[in-house]
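Common to both upcoming complexes is subunit A, partnered first by subunit B, then by subunit C.
Coming up: the complex of A and B.
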């Protein structure tokens, strides 16, 4: 045991040390920072001014930040419904005994391994291009001239365009999670249900869905965690700094703390920290709600 | 498993017909994916004029788009940076996380559960929660003013950010190994540390390969951390470099070159995926991601 003790310490130290430096210490410090007014990000603690919840009320009163939160909420909610529905649909098809399953699965997951910058560029410069874009070509080919003329990247359509492109890239990952959940359900259930005369739709409604509760929870949590960090896509789709159509809290934070430009009214790192705290609270809240709404009901399978 | 099935089953047309709507939906989706990627690939070999007139490849293959992007826009530089970052970070991640994962999976000691909970929670922490203090520290230390120290810092950050995920992922592999190996080694007088490096680590190889692929893809595509912490153009990794390149190419009007740059960035992870897609897909649902 004594020998093991030495090894345990030796083996854990590098990982735990780096974890403390990269996660633990910064998280604690960010939480503290969110209650202070801090002019420069490199200021020593002695220069911080305690302002209580002022940073949070200030954010709540900043219309640009409110817009960014609204955009994030829309991305999370609308995008979430679209992605989860498509992912579930694809997962059901993939596991229904089709041929070339691995091939289909691999192609649907493919966008997830591509750099978001590259993927967003393909959408921006090709699919939505007003001159040689895919949408324009397809719609004019179908004779739908009014649709072919739509400027997908103007202010009225930009948000939808952004969301569509983002969802396309996210479906694959969530499909894999759903599919593995469905595959874990024993085929006995479906066979018994078939013998009892239940059709496919009812089997899905009364067997698959209830048994996928835990998987739904995983998917919603993962979706929320990735949505909260929404940044690259937004940056690529915005044509001006502080583009109200595409701004998200992360972009707002980046603009305030690290960005140059005229939109920065006041430098206060405390505000940035407050945004971080706010987003973390959102993640924890979603996690909590999911855990309570989607209780696993001790269904063993 | 799916592969075996493909060769065994004779075509059952009745069954296939019933599945037709499913095939149709999937085919539509993947057709779109192929059109998207295929068009960009063809466009990267065409001239900008051909792209605008929708006549891709009308004058044959233009490889010069690639050589121009590689040399003039210095894709070579950002490519090399990302390669160095990914390879060093991925290797060190295993050296740091594999021992930790082994100890966490195999031994009972006070704090074990706490560390595991900490690592799992860290996977859900938004990056905003960590960048501000880290930036404050490194800026005060003057690390960002020197190319070498800044580069080392980037690698340090890439490693640190991926430690929780890598450790948790490897833990599942170690906990599935039989205890008989360690017992036999102990009876033969092999010290536990040596047992780990010589016996247990090689046996976790499938897990190590899978998690390294994921780490490579993550670090290769990493954007936010690099954007904030890479203070010099010389240090920019591929994602950040591509972003500024795209911005400048919009002004120079070299669309063909831009698509060539996109393809170059896309290629390494894509090639990896062609060969290892089954392993990657199994890894997504297998270890690490817990309910």
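Coming up: the complex of A and C.
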């Protein structure tokens, strides 16, 4: 095939243009903004005040931001382990040839479709309610009175309540990704292994897991990206003003850019940009580590 | 040869159409550029607004961005006012219901991008402080129609104060933040007059508790207001703000406030679930249901819970009591309003002001107050909705204005921490010293 330089450039130009304008420009602009103090996010550049690394040092010194990063770490790590384990478990069960596979798959995925607002309202006002909630009635019914008395939405338990509600909704999504990864593995390998005398556990450990490396990378990256953007659930669990147990960097960023819920507070979009930069660096770092730990270039099946 | 020509023509047609698309896209990208990475939520209203040019009627057109949703009672009343305005004057109005987040996130970017917006509305503090630079001076327009003759003097004064001495916004739907209570419980506990001092409140709570009711309840959304009000009663609001912003938690007023509330908590005056009440649990399940007596809330409360409280619920209202040794009296509270303001670049200022008069005066102001069970702005509308008639004496007695939460939420970095610890204090899991220590520790 002849290579026609002119054609290549002609076809690439629109895509490159759109990419630079819609992706590259905002990224560059945000990084630049993180070195300034900016009041309104659309202020003209003349109104920006150069502050160098002050935004970053301020973040490091603000206890509320540190709390939000700590919350994020816990959500990512603990939530990640819980969700990935459950998702993997369900995926293995679903692909092991049970009956009503589509039904179970649909049911497990259903919470993911329902709006976060509806889900959170159900959890907050019904499941966790200390007066007539689901948990309270179930525990009282089982006679576990000390558990029934637990106030799931007070400060000590709120984080766990939030994480539980969130993970409940996220398992289905990751389960589907795992299931598709498992289904890609040819059943010949499993048959051969069964013939050679391997039990299900060994098959899982030696065949399924290694061949799922790529899928693990995908899932961990997807999980990291959604965790870093954890916003809606935080807002729902703490209504108008943020809560120390549910605040995440994204919520803090929103407060900095658009002002607090009720009062008129000082805004600094440069600080918000700095948070954005930090979060992006985190995700890139996780992705890089994942890529190095889970090498699947040598896999072919 | 023909194929080559065809291919080139098609390719250039595609490129041209894509660049045009990209051109339009880059315009939206321009306005959303600053917000692209951080703002997950839609800054799209900015781009959408740029295209929303009102169709020119006989007498001109106006563009009005409203903070309400079309389905809310306020939205309906405003729509009715706008329709009547158009019928009477022939000026067409492009009324866009942006909702709270639409205005809070999208108004400033839209104004910066030069979108044609003539008037908008939002909370009095946000309009005058955050967006003060975009407002038109309304002194002349207001004098021309003698607007102040029928407006609430206190509110207009507040608008002037917050506008830096000049009138830059017109208030409507005033509200006041005070203690709301269940009159039936007060009657049963034989409380004949509302508490005006902290000691009287203490006594009233004791009587209510004896009758088996919860004296005071609250939700996480409003808990900081109790802290702010108490502090402001002690040392005044400017000092409270100074303390909160400057992290001066060693100030004796902080400890005094904490001790007062710890005292109430130990006497069992707060709801059992106050520490875990996620709004609207406290107001819906406790106050409206009749198990709790008092709640420091806003005059929108009766409207919010009217379906749950039922028709027999009689509301009472009193201002936050004075505290011994404090500076402020019961005539100070957070009262405010939504306000309408005109874009300083608007070419239709007179028409816009006419529309403002339609909405905030006479028949439609009455409709707004009836539909939303709120307070009328026009002093000619002397009849308040029955449900909030108890608020009138409180509102009329106000002389000093606190901003939201009386300064307690002035520092965004500390608000969640104050909230967390004050909830624990009221729930009894920490004591006054614990509260102050927690604030000091978190104060960076």
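Odds and ends about this structure:
FYI, the second predicted complex is superposed on the first by the 264 of 301 C-alpha atoms of A that agree within 3 Å, B and C clash if a C-alpha of one lies under 4 Å from a C-alpha of the other, contacts with A are read in each partner's own complex, and residues count from 1 in each chain.
Convention: a contact is a pair of C-beta atoms (placed from the backbone, for glycine too) under 8 Å apart; a residue touches a chain by one contact, two chains touch by 3 or more.
Worth saying up front: this structure is predicted, and the values here are computed from it rather than measured.
Once chain A of one complex is fitted onto chain A of the other, the partner contacts of A:247 are limited to subunit C, with no touch recorded for subunit B. Residue contacts after overlaying the shared chain place A:126 against subunit B, while subunit C stays out of touching range. In the superposed model, A:8 makes contact with subunit B only, not with subunit C. When the shared chain is aligned, subunit B comes close enough to touch A:107, but subunit C does not. When the two complexes are overlaid on their common chain A, residue A:259 makes contact with subunit C while staying clear of subunit B. Shared-chain residue A:154: touches subunit C; no touch with subunit B.
A simple residue count on subunit A separates subunit B from subunit C, and the partner touching more is B. In the overlay built on the shared chain, the residue A:239 is in contact with subunit C alone; subunit B does not reach it.
After overlaying the two complexes on the shared chain, residue contacts for A:61 are found with subunit C alone; subunit B is out of touch. Across the two superposed structures, the residue set of subunit A contacted by subunit B and also by subunit C is 7, 10-11, 14, 18, 21-22, 25-27, 29-30, 33, 41-43, 125, 131, 229, 231, 250, 253-254, 257-258, 269, 272-273, 275-276, 280. Note for the complex: subunit B touches subunit A at residues 2-3, 6, 15-16, 19, 22-23, 25-26, 29-30, 33-37, 39-40, 43, 51-54, 96-97, 99-100, 102-104, 107, 109, 115, 118-119, 122-136, 139-140, 156-157, 159-161, 163-164, 167, 191-193, 196, 217, 220-221, 223-224, 227-228, 238-239, 242-243, 246, 255, 258-259, 262, 265-266, 269-270, 272-273, 277-278, 280-281, 284-285, 289-291. The touching residues of subunit A, when paired with subunit C in their complex, are 7, 10-11, 13-14, 17-18, 21-22, 25-27, 29-30, 33, 40-44, 61-65, 67, 124-125, 129-131, 151-155, 157-158, 229, 231, 237-245, 247, 250, 253-260, 262-267, 269, 272-273, 275-276, 280. Of all residues in subunit A, only 3-5, 7-8, 10-12, 14-16, 18-19, 21-27, 29-30, 33, 41-43, 89-90, 92-94, 96-102, 104-111, 113-118, 121-123, 125-127, 131-132, 134, 137, 173, 176-177, 179-180, 214-215, 217-218, 221-222, 225, 228-229, 231-232, 235-236, 249-250, 253-254, 257-258, 269, 272-273, 275-277, 279-280, 283, 287 touch subunit B in the complex they form. Interface residues of subunit C, counted against subunit A in their complex, comprise 7, 11-12, 14-15, 18-19, 22, 25-26, 29, 31-41, 46, 104-105, 108-109, 112-113, 125-126, 129-130, 219-221, 224, 272-273, 275-279, 281, 285, 403-405, 409-417, 419-420, 423-424, 427, 441-444.
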